[in-house]
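Below, subunit A partners subunit B and then partners subunit C, in two separate complexes.
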Partner chain A sequence: MEYFLSLTITGLVMGIIYALMALGLTLIFSILGVINFAHGEFYMLGGYMSYFILAVVAGLNPFVAVAVGGLIIALIGLIFELGFLRPMHLGHIERPAEYAILITFGLSFFLQNLALATFGPYPHRPPSFFEGSVDLGIIRIGADRLTASLLALALLAVLLLIINRTWIGKALQAVSQNKDATAIVGINPLRMNTLAFGMGVGLAALSGALLAPSFSITPDVGAVPSIRSYIIIVLGGMGSIPGSILGGLLIGLVESFGAGYFPDPSRALNYKMVFGLVIFALILLFRPRGLFGRREA
Partner chain B sequence: MTANTEGTSTQSTGNNSTGRRLWFSTQWVVAVIVLVIALIAPLFVQTYWLHVLIIAYFYAILASSWSLLAGYAGQFSFAHMAFMALGAYTVGLLGRFLRLSTAPTGTCAEVRLGNLWLVLLNAVGDNCLEVGKANMPVGTLIYHPPLVPGIILGILVAGLAGLAIGALVLRFRAAYLALFTIAFSEILRTLIRGEPQITRGDHGLRVAALFPDTISRIPYYYTMLAILVASLLFMFWLARSRVGLFLRAIREDEEAAAARGVDVVRYKVMTFVITAMLAGLAGVFLAHYITILSPNIMVLPQMGLVIAMAIIGGVESLLAAAIGALIIQVSLELLREFEAWRLVIFGALLIVTLRFARNGLLAPLMQQLAGVVPRPESRREEAAAEVGEEVRV
Partner chain C sequence: MKKFWNLFLIAAMLLAAVPVVAAAPPPQDGGQDYVVVADDWLSKLSDKFLGDVLAYPAITYYTNQKNAEDDSYAQITDSDVIEVGWKIYIPSSEEAQAYFAGQTTTAGAMGGETIKIGGFGPLSAPGSYQGGTEMRQAAELAVDEINAAGGVLGRQVELIFGDTEGLPERGTAVTERLITQEGVVALTGEYHSGVALAELEVAHKYGIPVVFAEPWADEVTGSGYDEIFRVAPSIEFYSSIASNYIAEVGWDKIVFVTEDTDYGRLQGEGWVEQLEALGITDVEVIYADPATEDFTPILQRIAQDPPDMLGGVITGIGNSRMLRQACELGLAPTAQTAYYATTDSQYPEFWETVGDCGQYAFFTYVGLPKSLWNENTEAFMATYEERYGQVPGGVAMEAYDSVYVLLKAMEQAGSTDAQAVIDALEDIEHTGVLGKIWFEYDSKNPVPADQPAWMWHQWLTPNVFILQYTEAGQSVDEAAVTYPAERATGSLYTSP
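Up next is the complex of A and B:
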């Protein structure tokens, strides 16, 4: 029972961070109708950003570095959206759905190679938020990981507030429901697209920056978190915000229990992702619209 | 004045129809020139460049088969390198774990085939063949299995994986295929890395050479070239058949094609399986050429490279995609001094090509040679109209 509880806690701690990253993907999908195949690379860049900000500005508070890093990456996202995704929404691109897949995957290829050329293949690890580990009664958990998780939880709460309570959030929701109607009431859907893409990749970057002290950063570090996010949004239902949060927690639990109860502990970690793929296949077989998806997929 | 206008209009339509024929013939002229150069290349280049070209042909098979799926059928798979690796690892694992023996070992799992025993070695613990040898009669011969059945099996395994994924995912929007294949590809790689007792993981799995009696690369060169030419011819035939027409109709407008009576899912799955098998074919011969496999052959940047080759060449033309692969692979060698920056350049080129030259950089060039100006806006109606006729027949 104690083991079960400790696995639950580890699963939830990681699940919250997974949810944060997947929420970024959901935000982009629900507003732009685009799946960002470069999501993992923004996660990776977020980690590098906070590493280099801390390396350049000595003595800076690491949380400030995380925030500034996330902001810079969000700006890069805005610029990419303006240059490469907006033309799609202006109708300048033939077969936009195909274009969206290819251009974001192309961006991922470009960014990953850029990181490899600039930073090299060796892992970089920013300094810890807090040293040591925290005793939660049943289980000791790394202080960095717990900090990351609590911050992710706070960010999720702030984000939900923004989406549900502010003008911007309501405008975003409106665009995700009906672009034309939104334009009629005076909201520019194109601006909302840019904003949503920036926010979405910013969330990926923040997740990367939050987890960088626990798992160091390499140019290919984004692959696993991004694939996990893809599984989460399909599980939660494409475009559903509660879906991606619940999906994130569920995948966190599945990975934790899957690895915890795997018969051969030495290989358990390798199979964590396999459970995700099995879940992906099962959803497609039995409930293609996921937990909270709109009925259309 | 009126006559003049009439003249221009007839001329332009005339141009269009002859232009189409010309475009195909130019494509064949280019193909024949490239083929002749490829056939005599071993006379002029050193072993090292022969190796570069063999790998370039390997990429050309992958880029052109990916473009059959993407450019003709409009389906974007990120598992092409995974299918390639499935083919490669199938032959590698068969070579590692299967033996033929003239006497039963008594210690391994084995089946009798005529007067031989097919022996399955164990992955964990003492080598059962070595243990069993003590009790086997003197003069017992133990062989490695022949390569051809393994090659066929490797291609079939890739095709079966393609069938399973295609049947599962191709009922949904294009994004689902991309999502599922990217997950499948990375997770398969993690599995191969994570089971070193079976696959040898990052240590590398040794594979038998296709031509063990020679150190020359020339036989490999002609083998890979022959496979490339054969796959291209097969894909040309497929693309110009009814199936190719259906695929283009599906790409332009899936619902319209379905309404016209095209069994959309069936043709998509069929193409997916065919391209998976072509990727498996490339992988099988890569394995028997480089003779050592590691999971790194299927990392996503490798997939990205193949996509860059196809897109920069021209994803809607099989030949342009193949030549794009050759040019990029050779340039990667020529630009060696730029190390990791080479792929950054091609990554940037990929994005710019996607944004500003959807038909790629080579395909329009090849069309220009033929003096044909592409008319993208009319293709949709053309494909729809042609399918309509075809289906009514």
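Up next is the complex of A and C:
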């Protein structure tokens, strides 16, 4: 039982962070209708940003570095949306769906190679939030990871409040439902697009910065989290915020239990991602629009 | 009327085109002189006259040959640059074929041109680009030093380094390009075994000598190809050092988490076999994707019945991730469970990424610990650090020595001819940064029937040691050499 509980805790701790990252992707998809293939690279940049802020400003609180790093990446996201995605929504691009795939894919390659050229190939790790481990009785867990998870939980709560209780949140929801109708009632969908992209990549960057002390960073560190995020958002229902959160937690738990209980231990870790994919396939089989997906109009 | 004009124009264009088509000569029986005009480039001319866009090195070669006798011919130093008005020589098909058939036997006569050698290794993901970058830097340093000292055979050496991305298919393509398009006369480098196994087939096809710097698979030299030499240890030799060490310390229950690549699998299988032969049968190998972020669930599983030794054999970032997570979980390194890390632990970033968790970790090191440095090693370490701002690891030492071995053989051969270089490599004795390098078993002294096939063209005494960090923050130079005993500088194992 203790073993089961310890695996549950490990799965939930990771699941919350997965959810935060997937939420960014889902926000971008639901508002802009674009799959951001460079999401993993913004995760990577978030980690590097907090690393370099702490390297340059000695003695700075690591939490401030995470926040500032996330904000800088969100600003970069805003600029990218204005320069490269807005023309698509203005009807300046002939085949917008293909364009969106190509431009975000291109950005992904560009950022990964830029990071390799700028930051070098060696792994880096920003200083810990808190050193050592926390003993929860049934399991010892890295203090950095626990901190990252609790902060991710707080961020998720704040985000849900913004989305559900503020004017901007309601405007974002409205745009995700019907762009023309929101334009009629005086909400500028283009501005909401820019805001959603900035917020989305900012969330990816915050996830990267929160996990960097636990997992370290290299230029290709975003590849696995981004694939996992795509799985989570499809699993939860494309564009659904509660779906992303539940999907993140589910994948976290399935990966943890899979590695912990798979009969052949030599394969257990290797199949970790596969366990998530099996659940993904099963849910899509019985509920093709995902856990919380909207019915197509 | 308009229709008539259109027809007339089409007819005129066709007439204008016909002489051009007719004038394009079929592959020639005898060579010819040609004066470069605007919009010419060599591959275009080779396609036009020889029927093959890739045959341009033959034009370069024969033109330079003519230039040596008659300076009215241009000298082509870079096949990508030709000027309008240059007189060049287009060889006949037979001459071009003769050139390609014996390309490397005649290349030595190309006075004045630089000697091109090829390097290959992973410089981007999914390859282990940390190792590849270090390899390229060390190889460039060696070439620059050799050029500053007058080059080889009185000519400067150019290193063309191809990124193989850690993918066998890229390795094949890069090797093919280096040989057929860049015209390299020899090759060196490579980090990943799987890629090396693809590359050596291409090198063998063209008869180009290769001195491999870092791939460990037994099959590399076990291929038995004349062209293939290796300075790195074979996996059997490398794994045996850790196996013998484990037996020496007396651990009984062992768990390895190894990356699911040829590198990890070869080691995992080797350890199980070797440890069993040494009487240690409780050995478990768990495979993991090298990009795994979170090892915690499997570590929790291992912690249910902690082993005497836990090995985390994941290259790149996975090395520090797993060690840190095992440490956070309180599993290893502890008094009960020792921790064996990968050879990547030699890099300074190790401490940044694992923090104090790295204390008491031990690892296999391929290279020369400071206590065994010779004057070449000292000079190399200082120059490399000054130039790149980074302390080089064992990979850099191997890559650096490989270039020296290769170019020294070329100098001794007195030619860039492939067979002459291979013969010279068989006779080479070079004291490099790793010590004295030579290849024991070769065409004159074949591998005995009772010895493994990988000993062919293999440096039999590569430096492989077990090092342990007994203090947090130690550099690889300060780490204790714990095994083999005759060269140890510290105790066999220091427990937390």
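We take it that the second predicted complex is superposed on the first by the 283 of 297 C-alpha atoms of A that agree within 3 Å, B and C clash if a C-alpha of one lies under 4 Å from a C-alpha of the other, contacts with A are read in each partner's own complex, and residues count from 1 in each chain.
The rule is short, and it goes like this: a contact is a pair of C-beta atoms (placed from the backbone, for glycine too) under 8 Å apart; a residue touches a chain by one contact, two chains touch by 3 or more.
As the structure is a computational prediction, the values presented were derived from the model and not from experiment.
Look at subunit A after the overlay: subunit B and subunit C clash there.
When the shared chain is aligned, subunit B and subunit C each come close enough to touch A:Leu116.
Using the contact criterion defined above for the overlaid structures, shared-chain residue A:Ile103 touches subunit B, although it does not reach subunit C.
When the shared chain is aligned, no partner comes close enough to touch A:Gly169: not subunit B, not subunit C.
Of the two partner chains, subunit C is the only one touched by A:Thr218; subunit B is not. Applying the stated contact rule after C-alpha superposition, one finds that A:Gly260 touches subunit C and leaves subunit B untouched.
Contacts of A:Asn270 after superposition: both subunit B and subunit C are touched. In the superposition on chain A, A:Ile231 makes contact with subunit B only, not with subunit C.
The single stretch of subunit C with clashing C-alpha atoms against subunit B, selected from 5-13, 131-139 or 167-175, is 167-175.
Subunit A residues in contact with subunit B (one complex) as well as with subunit C (other complex) are 112-113, 116, 220, 223-224, 267, 269-270, 273.
Across the interface of their complex, subunit A is touched by residues 70, 74, 76, 78, 168-169, 172-176, 178-180, 182-184, 186-187, 190-191, 193-195, 251, 299-301, 304-305, 307-308, 311, 339-341, 343-344, 347-348, 350-351, 354-355, 358, 376 of subunit B. Residues 35, 37, 83-84, 87, 93-95, 97-99, 101-103, 105-114, 116-117, 220, 223-224, 227, 230-231, 234, 267, 269-271, 273-274, 276-277, 280-281, 284-285, 288, 297 of subunit A touch subunit B in their complex. If you check the complex, the residues on subunit A that touch subunit C are 3, 6-7, 10-11, 14, 112-113, 116, 120-125, 128, 131-133, 139-142, 145, 211, 214-216, 218-221, 223-225, 255-260, 265-270, 272-273.
Residues of subunit C that touch subunit A in their complex: 124-126, 129-130, 132-133, 257, 260, 284-289, 291-298, 300-301, 304, 316-317, 320-321, 324-325, 328-330, 347, 349, 352-353, 355.
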